[in-house]
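In this document, chain identifiers A, B, C, D, E and F correspond to the written order of the chains, with residue numbering beginning at 1 in each.
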């Protein structure tokens, strides 16, 4: 038995704190921990940990969860802004686990993907990059095959070009600190919504400019919450020992994302707050409320 | 930590006996107990207690549960009696947590509310008291604003007038011992169904008269079981850590109420019992059956 | 308290190993064990055991589960074979807990039951044995009333005649070792599918002949898994303390059976395996996969 | 398994509250409860209960404990009063579990027993009732054989005569309310010490007279604590699974009794309190101290 | 972590069943099991297992326990037989863990060791084999160096010679079935006591002869109980986390052995039983008594 | 309930890790933690923590333990050095919890205390400072009343004078880093033994000089282990729920200290190590041995 969690075993559990993979750990390590946890507790407790593979306690839909989640909240935002998603265009930064599925769902809902970027260049096709085409020219690691791309009529632009496109929607879904004071002004006048698929893609000073310009911001901890929500679904399914099919998982995810969006949006309107601030206010209020009602203060 | 449940902590639990608020306790105290229980057990066990606020482990639909439950069984009773609810009129005693929602659903299903009583008088409008109108003239504590009521064309009658109306349905939903040997004979010839929304609103001697007169009785522990059923739903949702939306809660409540009504009704027919007696027979039989099958006798 | 499970109580549980009735035990003994288990653990843990009666922690649909399960997989097999179930005929061995419900569903889907056997004879009606007729002439123990059968126009044939009918489908659903090297060649040229409703009805040498003749085999641990799957559903419902209605149980059962059939069928096609072998490969692979991923090898 | 303690099993235990026999229960019932407790907990926990028979988790010395305890504190009291026990005489009320062993030890230490009473008469022998003689003329229930007694030179006096003897020490060791306002003045001028072997043998008004007369009082909850102390020893031995021989038990009992006497005596001297009051002050102080130091006030 | 006890971990424990080394296991394996048990339970429970090395939860005196135990009961037997141990002679079969220490203590109490056997021969010295001499000529495995033995004036006799010596005491302390119907008559007329240091050294037919000849038998489960008694002491010390010094262990062992001997001896006298039978009667009675008093029958 | 240990409660316990007071905590906080621990676990577990007051789970003899422990090992060292303690003189640094009791026992064993220091000066009396005299002139905080001291014939010397006395024994029992490279050479030629009553009173470079000069060093973690040993005794007594009297505690302490001294001394002789190094070797070996035998390496 690998000794992975002996010393924390009393402090975690299916009804307590539930670990999930983070930097340098993956499904394999989760199963090792589960195995050790079950040996020590002498029961079957797959709900003690999340990030397990499908068929061994994992949840269907996990792969799509973060990307789809971004588009669920985008769809709601567009509704509120009175924009038909079918008439929109978008540019995505990154083509990893988030963007790949965000692109898929965005296109399915009728949107047109103009650009997708990789670490060294941006791929653009003005009449739309088809999701299937992208699957063909991008490998499992998200690496884009330039040759194939050109052959299919794509343009190869510089790395930062994704940001400068005349699109309605920007989806920074790669890494942190990508929209900064330096480049924020390169954002086209046309852009109406930014969806933060990555964690912290916008620096605070760039954020201030975006707010001032009146661009609708879907902040990261709202927009990319699909993954952690799916971990929560995994815990529930594992604890029940009953697993939902993929459509059910995604429908439930849509419900949760939509309802979170609505709460934030309504506060943002009623209190005249930038979406990011409204989201913080809600999060902090919930903790404050719990602390107060439980009698801690 | 308030020391509310230290001495019972070993004797309750999410899979054992589950407390709920009763006289002089409310959601606040439930959260205090939950907090203490979780501190002592070192886990997250919201299913250990019910009556928690929504968002902190409580169930949606709890507010409506008792009132709606009354109308679900009324609806079933009318079906069996071959009466179209749309052609019925009703008089309610009380306008608190039960009546407010019973009135709402009853009107939604097509019924006409003729009278609603308060502790000192009865409000009557022969062409129907609209639920929205009632919400307007009744405050949060269920107090009716007489002035406004008169201005809206309502009559103000004496306290007991609710009982004497020429309606199809009486819904005593205030306190106990309201239909007694003294006033039972004031019940109109027209009344076909009594729905006991309160606990024990009918005294045993009045009950005998009602049975003799052939009025269809929906006894309290069947009619007002919506609240405790919702507590049961709350325990399930808390234990799953997954919460249903309000429509789902109310649909499940309808299923349970309808199925309970059917069991009682069918026994009442097959064994020729008054509904109240049929309900007792079923309850007692279930305990007897469990005792026998578990091998205790 | 009957002392049924004192010495195993630490080694079973709602989240560990879950007993179910087997030879010489039934629902009564399961309740005895549950009662003892709950006394010892001091909680309510109906999910610790399955096979409980409905209303005391048991699952609706359990009665039908095995028989319906046989027909769910038969339906899928016929789809794959391009045969319309409405045009098929079938012969069943046995009329106990499995066949009774298999016959019921098979007829409901449009199939025609030609023959049903009992321990000493076979009942045949060439234009179809109606399920309701069968219910009438068969008693609770599955004993067939010959007189009545004849009166309803049935033929009485020898015991083994069920095997020799010119039907599309054979359903051995009685006991083990019924299709042997001795009688396998009496199976009609017309037979296209065998559904093993019983455990081990086919001997290995007869199995080889069946494979060679190209008859489509639905092996026992796939075809009759409906009962154990329903035990699994019972555990889930008991642990949730929330029970599904019969339609929901059967729909979920259909999902599970269909999805199991598909997995086996697809492997059988892709690896060119006999269905029974494909089923074994899948079962063994799952264990091997778990062992490997948990880090045991 | 007799169901004796199912419902309290979570609230007792070898390290929590420990039951012991009281009115209408004896060693047999303690073993029944132990058996049930061990079945439920799945371990060996003889320390969960006391009053068990020797050889099955009980303590040696339990039989003698209360009677010997009375004499241990008497011996200490006489030391403090400067009286040589060898020169003393005593009269005992009762000859049950307490007196029998008190008489035995008192005589062993050199004292002379003048009288012993039973429910209907008092036995007196002015030159001393030998413990062995008493064993001979008293049966297992403590009944005295009058004939034999007379034959051995004893006098038969009225029931209350035990109280009126010219002895140094009175040991009321039968039942409550034996020394009352009515008879307290019959106590001889010679009496220097009263040892309350029974619970509450002295009424409050008689007590006041005794205090005024300056008789040294060994109050019941000090004098007859030998039994409960031995229960405590039994818990310790059972929890260790190691049993002391009788001499060790009695030596430890002597230590505890002596040390309790000293604490009470010293407070009685320093604060000029009657012994009974001093004992109360100590008991209450200990609780108060614990409450305060644990941070409850 | 070696996976030694995962599957039994719920069924053993410091207050339940306690393992000890047996064939093919030793202290090393006990520590492995302890380590695993403590990892799983998350506490320090050295009392869960016995046979641990000194300094790691083991008991001092364990090495000597079985051999010394034999001599403690021999000493008591000789007292009862009115024989001064100083005037006795003895012959031992084997020189392993039992005999080595039995010889040591027997000589210390004044006895004279005439012969000691090994698997292939017997060593004899008519004026006494000194324990220190034996230590010198026997190695750690109990192998005797013949050369050295001869040089020190010992005789080398055949294997079975140990049985035929003119001694007062025979101590078969090697393996089972050594005194048989074939050789029992070679036992000298002089022999008064047999001490079964091994398990089952006497066959039942030989036993009958010994009983008839009136030789005093110390049966194995009385005579060699020193080892298992020391395991019991180890459990107690480990559970207390407090360890006795060797003298204390051996004194407590002497107490237990002596008291066991006395119980058996007294029953053997009062009921006129052979010692072996008396020992069985006591053992069986204790179980019967427990069963009865716990209310199982 | 003060929330002192909620978050560690699962990781400590009477059979796991046991806390004790350290910097800024005392008996009061230990009782608070005990109270909380017992509330959470629902049992009586005084052995979960040490440092409790006597009468509330604490051990007698704790006050004296460290000081007496220093003198127990000094006594053994002197025996080995062939020095009669009655002929020795000693100088102590500090007069707090360690020195006060070390002085007491040292004098009782016949030694003569020449000097005792305080933070600002040293008190010397060449013909011996009597322990009772010291108690008189030193207050509860260890502050010395200079006036009184002079009146009793003591000399007042500078702070460091304690180090420079012509005594046989130096006992640095105040704070760390008191014997340094700067002052080590002021140690008199006469000094034969240094007893480190404080933690780390000697710097490594001073230590090298002491080793070279051949002064016998009793290193701190051997010499002042009396306190922590008494914590261990407290755990045992609390877990047993049986408390030893002070003499028994101190006798057991003497055993443990003496036996620890012997182990270190013998290794120091056999491996020719400085006492401090021998003590380290033993400590490290024990851990290494445990790691190895438990199968971790």
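By definition in this document, a contact is a pair of C-beta atoms (placed from the backbone, for glycine too) under 8 Å apart; a residue touches a chain by one contact, two chains touch by 3 or more.
Fair warning: this is a prediction, and the values are worked out from it, not measured in the lab.
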- Query: Among the remaining chains, which ones contact both subunit D and subunit F?
  - Reply: B, E
- Message: Suppose chain centres are the mean of their C-alpha atoms. Which chain sits farthest from subunit A?
- Response: D
- Query: Could you state the distance in Å from the CA-based centre of subunit B to that of subunit C?
  - Reply: 44
- Task: Compute the distance, rounded to whole Å, between the mean C-alpha positions of subunit A and subunit E.
- Result: 73
- Query: If you average the Cα atoms of subunit A and of subunit D to get two centres, how far apart are those centres in Å?
  - Reply: 77
- Multi-partner residues in subunit F (2 or more other chains touched) are 1, 10, 42, 240
- Note on the structure: Touching pairs of chains in this structure are A-B, A-C, A-E, A-F, B-C, B-D, B-F, C-D, C-E, D-E, D-F, E-F
- For the complex, which residues does subunit C have touching subunit D? 1, 3, 6, 9-10, 39-40, 42
- Message: Using the touch definition from the top, list the residues of subunit B that touch subunit A in their complex.
- Response: 1-2, 27-28, 31-32, 34-35, 42-45, 53, 55-56, 240-242, 245
- Item | subunit F - residues contacting subunit E, complex | 13, 15-16, 232, 235-236, 239-240, 255, 286, 289-290, 293-296
- Could you pull out which subunit C residues touch subunit E in their complex? 10-11
